Every structure is written in structure tokens, then in C-alpha cells.
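Data block below; observations after.
Chain naming follows the written order as A, B, C and D, and within any one chain the residues start at number 1.
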Amino acid sequence: MKVGVYTSGGDAPGMNACIRAVVRTALHAGKSVVGIYQGYQGMIDANFEEMTSRSVSNIIQLGGTILKTARCAAFRTAEGRQQAYEHIKAAGIDALIGIGGDGTFSGAEVFSREFDIPVICIPGTIDNDLYGSDFTLGYDTATNTVIEAIDKIRDTAASHDRLFFVEVMGRDSGCIALNAGIAGGAEAILLPEKSMGIDTLCSQLETAANSKKASTIVIVAEGEENGGAYKVAKEVKERFDFYDTKVTILGHLQRGGSPSSFDRVLASRLGYAAVKRLLAGESRVMVGLWGNEIKATPLEEVLNRKVFKLSEDMLEMMEVLSI
Amino acid sequence: MKVGVYTSGGDAPGMNACIRAVVRTALHAGKSVVGIYQGYQGMIDANFEEMTSRSVSNIIQLGGTILKTARCAAFRTAEGRQQAYEHIKAAGIDALIGIGGDGTFSGAEVFSREFDIPVICIPGTIDNDLYGSDFTLGYDTATNTVIEAIDKIRDTAASHDRLFFVEVMGRDSGCIALNAGIAGGAEAILLPEKSMGIDTLCSQLETAANSKKASTIVIVAEGEENGGAYKVAKEVKERFDFYDTKVTILGHLQRGGSPSSFDRVLASRLGYAAVKRLLAGESRVMVGLWGNEIKATPLEEVLNRKVFKLSEDMLEMMEVLSI
Amino acid sequence: MKVGVYTSGGDAPGMNACIRAVVRTALHAGKSVVGIYQGYQGMIDANFEEMTSRSVSNIIQLGGTILKTARCAAFRTAEGRQQAYEHIKAAGIDALIGIGGDGTFSGAEVFSREFDIPVICIPGTIDNDLYGSDFTLGYDTATNTVIEAIDKIRDTAASHDRLFFVEVMGRDSGCIALNAGIAGGAEAILLPEKSMGIDTLCSQLETAANSKKASTIVIVAEGEENGGAYKVAKEVKERFDFYDTKVTILGHLQRGGSPSSFDRVLASRLGYAAVKRLLAGESRVMVGLWGNEIKATPLEEVLNRKVFKLSEDMLEMMEVLSI
Amino acid sequence: MKVGVYTSGGDAPGMNACIRAVVRTALHAGKSVVGIYQGYQGMIDANFEEMTSRSVSNIIQLGGTILKTARCAAFRTAEGRQQAYEHIKAAGIDALIGIGGDGTFSGAEVFSREFDIPVICIPGTIDNDLYGSDFTLGYDTATNTVIEAIDKIRDTAASHDRLFFVEVMGRDSGCIALNAGIAGGAEAILLPEKSMGIDTLCSQLETAANSKKASTIVIVAEGEENGGAYKVAKEVKERFDFYDTKVTILGHLQRGGSPSSFDRVLASRLGYAAVKRLLAGESRVMVGLWGNEIKATPLEEVLNRKVFKLSEDMLEMMEVLSI
């Protein structure tokens, strides 16, 4: 068996640790491994490289992905996938392990069925918005990156009487916003999953002001309904004109950085399990963390089930703790 | 109801975030809260302070514990506990929340039964060695601290041909050593739970050397059988005299530092849950994380059940990935 | 002698370390010290607190300023200053040490002359834009904060084919932008001090693209002529439509964070020197770092001399190194 | 001209940033560059590699040295140097740039004279113990690494009543110890350059205890006269038996880590200047930072002048500020 491994979609910290685990576990089992560069684009371009144990030396601590990643429109066409298949076949690759998010998985699912090639997927996205794993690779690191930013802003916020808005990633998922908001002691959090208008926000801010909080920080997930941190800051400022508002847009720095211990261990376990399951004959599943166990879920189920990881409990707690 | 909150035993990152959660949740429920300084010693010394929402402002990000901690021999005597009870009663405290490890819990268990005072415990120790919670406060932060150290050592290890030994905390528990070892890409790990003599270690190191690894790092948990990093380094050096060996003893820096996002969220959830359960009439339980849920376990069970958090799977994986 | 110490203007990492040095050096010399909260506003409001050695315990590592800071319009009026003087006199304060930037210094200069009160100033601003000190407090920390952000963005930039824009502080001073740009390996830097239109920028980016750079990051100082990172990104995107551009606005997180070793040592030295010079009878000077020496410069000179800390050499080097 | 670049002796953060600057500056000037692996050993082994602009992509932020380093006994013999010269000549290398400490420089000095080959040296060592540069590469980063460790220990020290000893690098130079001690707010510092017996230390600790300091941390440079942190801790404990003492040995983690902004800018400037001076016909000099200027000093002078970078002022200040 020759295993092809690739990363696809948005990159996430821990992808390199996961590639390392896939490569070394497969080599240890006597299989050879080919790195596919730039995800599905690399299959279409035949952008391959034989991997040895040394190819993945000293990468466990690196952010990003040594295999690069790209979005690939061509792979959504039958012709594109046909070409990818021919290149893969020519290279002798007869099984795939793909690391990424739902776009990656739907590509893998279709491709595996069309060409009857076994594939195992691994959840790698900072958004933590996939069914079938309590945590996705990169989410823990991204949340730590956000709280380091909030901590720094808190220093200056506590020295002045100002209102700070921090925009974090999350088009459809408020996981980073909610958890980093709780961990950063934010006074309010605007999430994609939960409607909160400027009026409600302003009344929360008034409560904070009345309880003599020394600083006020609002976390704004990019997908929340009011249009992002700059717009929210502008509207709030118009209502409370005494406030001096300041905005930080964290942007893609949330995707980078050396992975946390949690993400590296998770990446190692998922990569190791993916190879084990591939060798055991499984296919079209995603390996994921359930409690302390690694389990596999059919890709179809992962793709079709909506997951809501923000419990009402957490939302309620957030309000209680920010008093 | 007036709730007394204290930290006891070794301090751990996240204790402050947890104190904050306890104080604010209780205040929000209309109860008052008293901070007890230096754990059981503070009960005996009547070292109390009324807590307000502002007492716990801007502490979520701080390592250590604002309530201090101490080991207290007097509390192990009936006289000591009697005195503690009288001070607590005089201060109007009629329920307790204690954050710490098994020493803290056994004190709490006895005290609660003797004087019929409700008590809820919260697992706070970097060792992650308690039954009843997948994770204890501080463990995630400590593991991150260790891998940052390993990453730095890896830089210099990869520039020279040297062998590095890093001693990490863990008298009886290899949790930090194993997970930081996996996350740091260590070539070998010596654990308290698993016997590994110098001979086996040397043969692992030879394998690593033969596979042309650019650097070699061995993690030594302080409680492993060979007597710590200095002794292990000395014995290894005697056998491989070509090796230049270097030792780092991380010591108590593993206890400090700003808590990770994971620890802050866990601390918030556990503190919040502890108050909720106290208000619901529970006592003599420890709140803990099971998968994604917060559950309570009787203190008696926590104290009597041995937990072994190192699965054979992880140990096996560690060897495969370090090739 | 009773010394009043205050921080004013924008806060900067190292201010707390500096307050600590001022307090302890004065106490050691047998003088008493009063902390003045919120800068000049605190003089007008008589917001004072006696400082002991313990008031400044465990603050050397904290960002922000425990004495808070505020901008104060009233102090620009003769009435405001009169009131400030009366409060200061009533509190027995007969000498001042002020930490801040040029706004702080001009207030101090006028006040000292009007009421014949000795004052020593200390340069505390992340912008590093003052004559009389090679470095100002907070600049080194802020630059480190920026490069950590750039490093994280580089991870994801190197995994995709994208163009990143990072907006950093600096309305009139490009010190942070240039140094963080060099240290972060940026492909281009837009500075307030040096005109660079979109055309020139685009041609630099084309050169970078042609040399097959794996990632491209542009640093945009907020005061540069094209209107900030969003505007620059939009214009560049219109010309190179194949590029996917991403923007990060670091904002006030650059002001926070634990001060670097450099800033803490500098803060200690400047605070120590300020008290020594006050005791030696000096007034209306700013203490600053010249090479490895601490020297004093008359406030008048600091305020009137324009400093240009970006040498042509550095600008030229920046271009050579980003090839 | 073909420039050979190498790193030698102990590695230091910033070496990679410096290699990048040397390579790109030389290429920009139309010269070719050869990387020499493992310092002088690599000359003897003809371990060379042609460097392109892409060879040094994305390394500015990495600790260690991509060119590796080694100590080399053979180069101290005439035969070894002869062999090195023949390999260098065969490879067409006709000028050298060496990054390292005094061992590196004396090798370079002899070799340059013996074979009439131009050589420029760059100070790269965390010890900051060389004449001719206010700062050496890696020193700023190492000091920051130490204060992060001290800050973490301070958290736990302030939670308990304990005495902590932190051993830092510095066999002959107390630069890291003194500056990190000041920046970390240490209560006492033991330096190689200044005798301090256990009696004096104990009386300082008593003063600290009497002034009710919440925590006590002693920095021990490895080269101080009492034999290192473990020995000092043991002796202190015997005298103050109420104290619980804890020891951390930072070891080689001080050599690693991503270089600070200061070190990256310094590395870039020194690498750039080294090439410029080589092209201008200079030889047998070390480039260094004097205030804000880059100047060159003859290697002979660097090697023969003793430098004492700890001013009495700093030592005095340290005591005043730790009260």
C-alpha cells in the first residue's frame, strides 16, 4: 500500500504534527507515503513527493502546513477528478488521508466513491465546527492566540477609560469567540449563532459601566449579524459619545503560530489512528475525539449533521462571570 | 448562605480564574463570599476577607492564586479542625468551596463530616492525577510550558550533535511527561508508571542515532525510577562517551504562568458548577470534566480510586512517532 | 522631599517597572512618594495615594500602568494648572516625576516653570519618536508584539498563495513599522516618513512574486499616506486581481503585554536615574539612553528637536534583505 | 568573489537571521555565497552548499542555525587548517564571514593570516561578553527567555512562602544573570564577576524577609563561586531551616527560541555590514554595535581586550530596587 497524504482548505496549527504522525505511522507499518502538495490542486497537477521519516523531522512545532494548501475549483468537476485519479494511479498511490474541513471532506467522499479509493479524513480547522470530533486541529491554538491578544488589550484598557472591540474569526461558528471571550473575561460577545442587536449590547455595556469595571472588551465574531467590529464600534460610539472606542481585527494571525500541546497531541493521535484504520480496511470516515477516545464517523454523517457546540449553559455562564 | 472559598496544596494556573468564577456566580445568586487565605492554615488563623465582584477583577489571566496556599499540618489534628470550625462559624461562613488536589480533598471530606458543613471541591493540580475529571486545572498550561521549553532546546539540539535531558514534574504521575514528550517530539520518555532502565533507554537512543535524527531529547519525569535527569544523564554518558549530554531541570516554573484558554474555560465552568451544586444542596463531591460535560463525583470515590491516565496506546504511539 | 510620580498620555509596557524604580529609589533615599492617578487629571482631582515599597511589589512584569493614565484638556488651561498646583501643595508634594510622551513633557515644562516645582521626565511611549533617548519605554516590547503577529501570519501566508497587509501603530513615526518589518522579513513597508504610492508598492510586489517568494507580507504604518491597510489592500487587489488579500489591524494590542527584558531594565535605569537627578537638584530635564549611558536633556530641547530615527541605511537594507 | 559563511561555537538566536542577511546582501551585490556546515569542521570535511535567496527564506524567525555548528579540535592544528584551506580553495571560496564567539574569532584570525584570505566576523553568543559590540546576537533573546521563566516562578513563589533559586548561563559573564535579575525583580543575584559568599546572601535574604516581600527569587549564574544553584540552595537551607527551597536549572533552553526583534534587527544589520565591509576590502575585523552605529574592530583587539559590561551602577541599582 502507498498512502497519499494532503492538507486542504484553510490551514490550521497542528496540520504539520498530523502529517508527521501519518508519515511515521505508515512507514512504521512498512507502507510508503507520498506527500501531495496543495491538496486537490496537487492531485490535478501531479505535485507529489515521496516522504521519509526525515521529511517530517522537526516540524511538529511549526504552524501552517509543509504540504501547502489551496482551494481548487477544478476538483469540483468530473474532468478534474478524473485527471487527479490518473495522476494518483500513475504515482502508485492507492489510499488517501486528507486533513481539512468540510470542503475537504466532501471532495474526499465523492472521489473515494467515484474511483473506489479508500480515504480517511482528519478534522483540521480552527473553527471547531464539525460533527464527529469534540475538537478540531488548530482550534485550541487559535483560541490561545486570541486570549493572548485580549490579555494585551486588557492591559491598556485597564489603564484608560475606553471601550475595545476585537474581531475574531468565525463566519458561521462562534466557538472561538465564545471560548476566547470567556477565557479573556470579555464583557460582551457577539456570535453568529445568536442574535444580539446594538441595543442589547449597549444595555450590557451600561451594566458593566455601572458596576465600575475598570475595562470593557467586546468580542465580535466576523459572522455576527451587525457587520463586524468596525460597524459595531461606530454604532456604539454614536450612542455613548463619551466612550473612546478602539478596534482590533486579528485576521489571519489566528491561523498561524506554533500549535499548543493539546493540538499536537490531538494531531498525533488522529494521524496515528487514521493510518491504523486505513490499514484495517476502513474508508470514507473521519477520525475524531470523543471525550478521551478516538472514534470514526462516516464522512456522510459528518457532512450532513449540523453541530451546535455552544451550549446555553456556556452563554449563561458568560454573562454571570462578566459582572 | 455565605460561601468560603480557598485554594490549598500546590498552586496551579487557573486557580485565579476559578476563584473569580466562584465569587461572581455566588454573588450573582445573591450569596456573599469570603476568601480564605492560605487554605486550611487560613481557617485556623481566621485569615478571611469579604469578596466583591471587584476583588476578582483582572485576575483571570494570572498564574498562582490570589488567596495564597500553604500546607497545614495542624489541620490534620482534631484540635486544629475544631479551631478552624470555630473561626469559620464566627465569620458566618456556612459552606465551603476548596480548590486543590487530593490532600485538599481529604481535609475537606473529614471537615465536612465532622462539622456537618457542606463542601464542594474543584480539581486544581498540574499533575492531572485525579479520578473524576479528564483534566485538572493547570495541567494544560503546565504541558504547554514544558513544550515551549522543549521547542527551545530542540533549536540548539538540532544545531549540535548533543543529547538533552529535560526533567519535568510528576512524582507519581507521568501525564505531563508523556503528553509533553509526544507534543515535543521527544526521542524517549521516562515515566513513574512504567519501568525503563538505562539499558532500554540506551538502546532506544541508539536506534534514534542510527535513523540519523538531527537531535535527541529525553524527557525525565521527576518520579521515574532511575533518580532524575542528572543521574540518568550521567549513566548514559558513561556508556556513550561520544555524546555531550546537557540537563535542564524545569522545576517550579511549570507551576506558574498565565493559564491557557483551556484552563481558563475549565476553571470558569468548574467554579460556576461548584456554586450551582452547592446551592442545589450537594456536598462532599468534586466537580469534574467528563468528555464535554461537567459531572460530580463523591469525594470518597475520588480519594479511593486510582486513576491511570496513560493508555498503552499512547505509549505505543510515542515510540512509533519518534522514529 | 515628597515626590509625586505619574504616568500620562498613551500607556506603554515598562511604565510599571519604571514606577517601581522611582518609588523604591526615593524610599531608599529616605524620601516619601505619592502616586498620582490618571496623570494631570489626577492632580486636578487630587487623586493621590501614598506609595510604599509594597505598593509596587510584583508589578515589574505587568503591562499598562497601575497609576492609570488619561488625557486631560483642563491642564492646558491656567485655571486647571492652578487647581493642580493647589492640590499638590496641599498634599505636600514638592517634586514631580512624569512618565509619558511629548504631551506629558510640555505639560510638565509649563507647570514646572509656572509654579517653580522641580520635575524630571521619563520617555514612555511605544512610538520611539522622542529626541534625547535612543529608545523610549515600551517600544521594544511593542516591536516584539508586532513580530510575533507577523510570524503567525507568515505561517499561513507560506501555506497559501496570498498577500497579507498588517497595520501597525505609528501616526507620525515609522519606527515600529520599519524595525518590525525588517525583523519580520516583510516584503514591503509603508511609512509615514517616506512617501510610497500604490504604483511603487505594486512594482515591489511584482519583484517579490517573480523571485518566487513563498509568502508576501506588507507592513502598513497607520500614518502612511495611502490611508491605512484596508485602503491599500483594496487598491492593490484591484490591480492584481489574481491575489487574495487579507488584512490584520493590530490596534491597541501593541500597547499591552508584559514588558521585554530590555524595557524592564531601561525602565529601572531611567526611574533610578530620575530620582538621583531630582535629589541632585536637576529639573526640567528628560532622562534618556544614549548608547549605554543615561543622560539628561532639557525638556525644551526634547520638545523642540525633531528626531528622525529611520536612517537611509536601514531603508536600503530593508529592500536588499527582502529579495 | 565567492563568500563562504559559517556559524561556529555555541549557537545563539539570531544566527539564522544573520545568515539570511549575509546571503542576500552578497547576492544583491552580484557575489555568490556558499554555506559552510558545522563551522571549521565543515571546512575540513568540505561540507559546503551553494546558497540562493530561497535557501534563507522563512528562517529569520528560527532559533539555532541552519548551517549547524560544532567545536573542532582539528582546526587548532596547522594540518587541519591546511586541509580546510585546500577545500575552500577547491570550492572557489575566496572570502569568509564567520558568526560566533571568541573561539570562532581566534580561528578566523589565524586562518586569515596564514592563508591570506579576507575574513569578517560577527559576534554571536548569548553571553554578551565580547569587546567591540554593545550587544552580541542572542543575548537579548536569552535574557527574555530567562525573565519569562522568572515570571512564571514568581507566580508560584508569591502563592507560597518559599525561596527559589534559578540557575542561568554565564560561566565567566554575569550579563544575563544581572540583567535578567533586574528585569525579573530578583531579590539577590550571584555573579561570576563579583564575589558573594553564602553569609552575605543570607543577610540579604533576611532583609527581604523582614521587609515582608511576598516572594524571594535568587538568580545564580553558573560560573559564580559557590558552585551553582543546587549547592547554594542546600547551604542556605541549612541556615534557614524554615525555608522550603526550590531549584530550577534553565540550561540550554536559554540558547534556543525565536529571536527577539532586537536580535533580528541587529543580526540583519551586522550581516549586511559584514558583506559591505568585505566588498570594501576590509578584513580581520569584527562588526559590532556601538550605540546606534555599526562599527568594525580589529579581531586582534576584540580578542585581547577584556570587557566588563556590569557597571557598579547597575549592581547598586539592583540592590536598591529589590527592597
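Here is the rule we use: contacts are C-beta pairs under 8 Å (C-beta built on N, C-alpha and C of every residue); 3 or more make two chains touch, one makes a residue touch a chain.
Treat the numbers as computed from the prediction; the structure is a model and nothing was measured.
Chain A and chain C have CA centres that are 35 Å apart.
Computed centre separation for the pair chain C/chain D is 28 angstrom, with centres defined by C-alpha atoms. One inter-chain figure worth recording: chain B and chain C are separated by 39 Å, centre to centre, where each centre is the mean of the chain's CA atoms. Of all residues in chain B, those touching 2 or more other chains are 151, 154, 158, listed in ascending order. Shown here, the protein chains touch around one cycle, each chain meeting exactly two partners. Across the whole structure, chains are in contact as follows: A-B, A-C, B-D, C-D. Chain A contributes residues 17, 20-21, 24-25, 27-28, 53-54, 57-58, 60-61, 134, 140, 143-144, 146-147, 151, 154, 158, 179-180, 182-185, 211-215, 258, 260-262, 264-265, 268-269, 272, 290-292, 314, 317, 320-321, 323 to its touches with chain B in the complex. By the touch criterion stated above, chain A contacts chain C in their complex at residues 7, 11, 13, 62-65, 68-70, 145, 149, 151-161, 164, 246-257.
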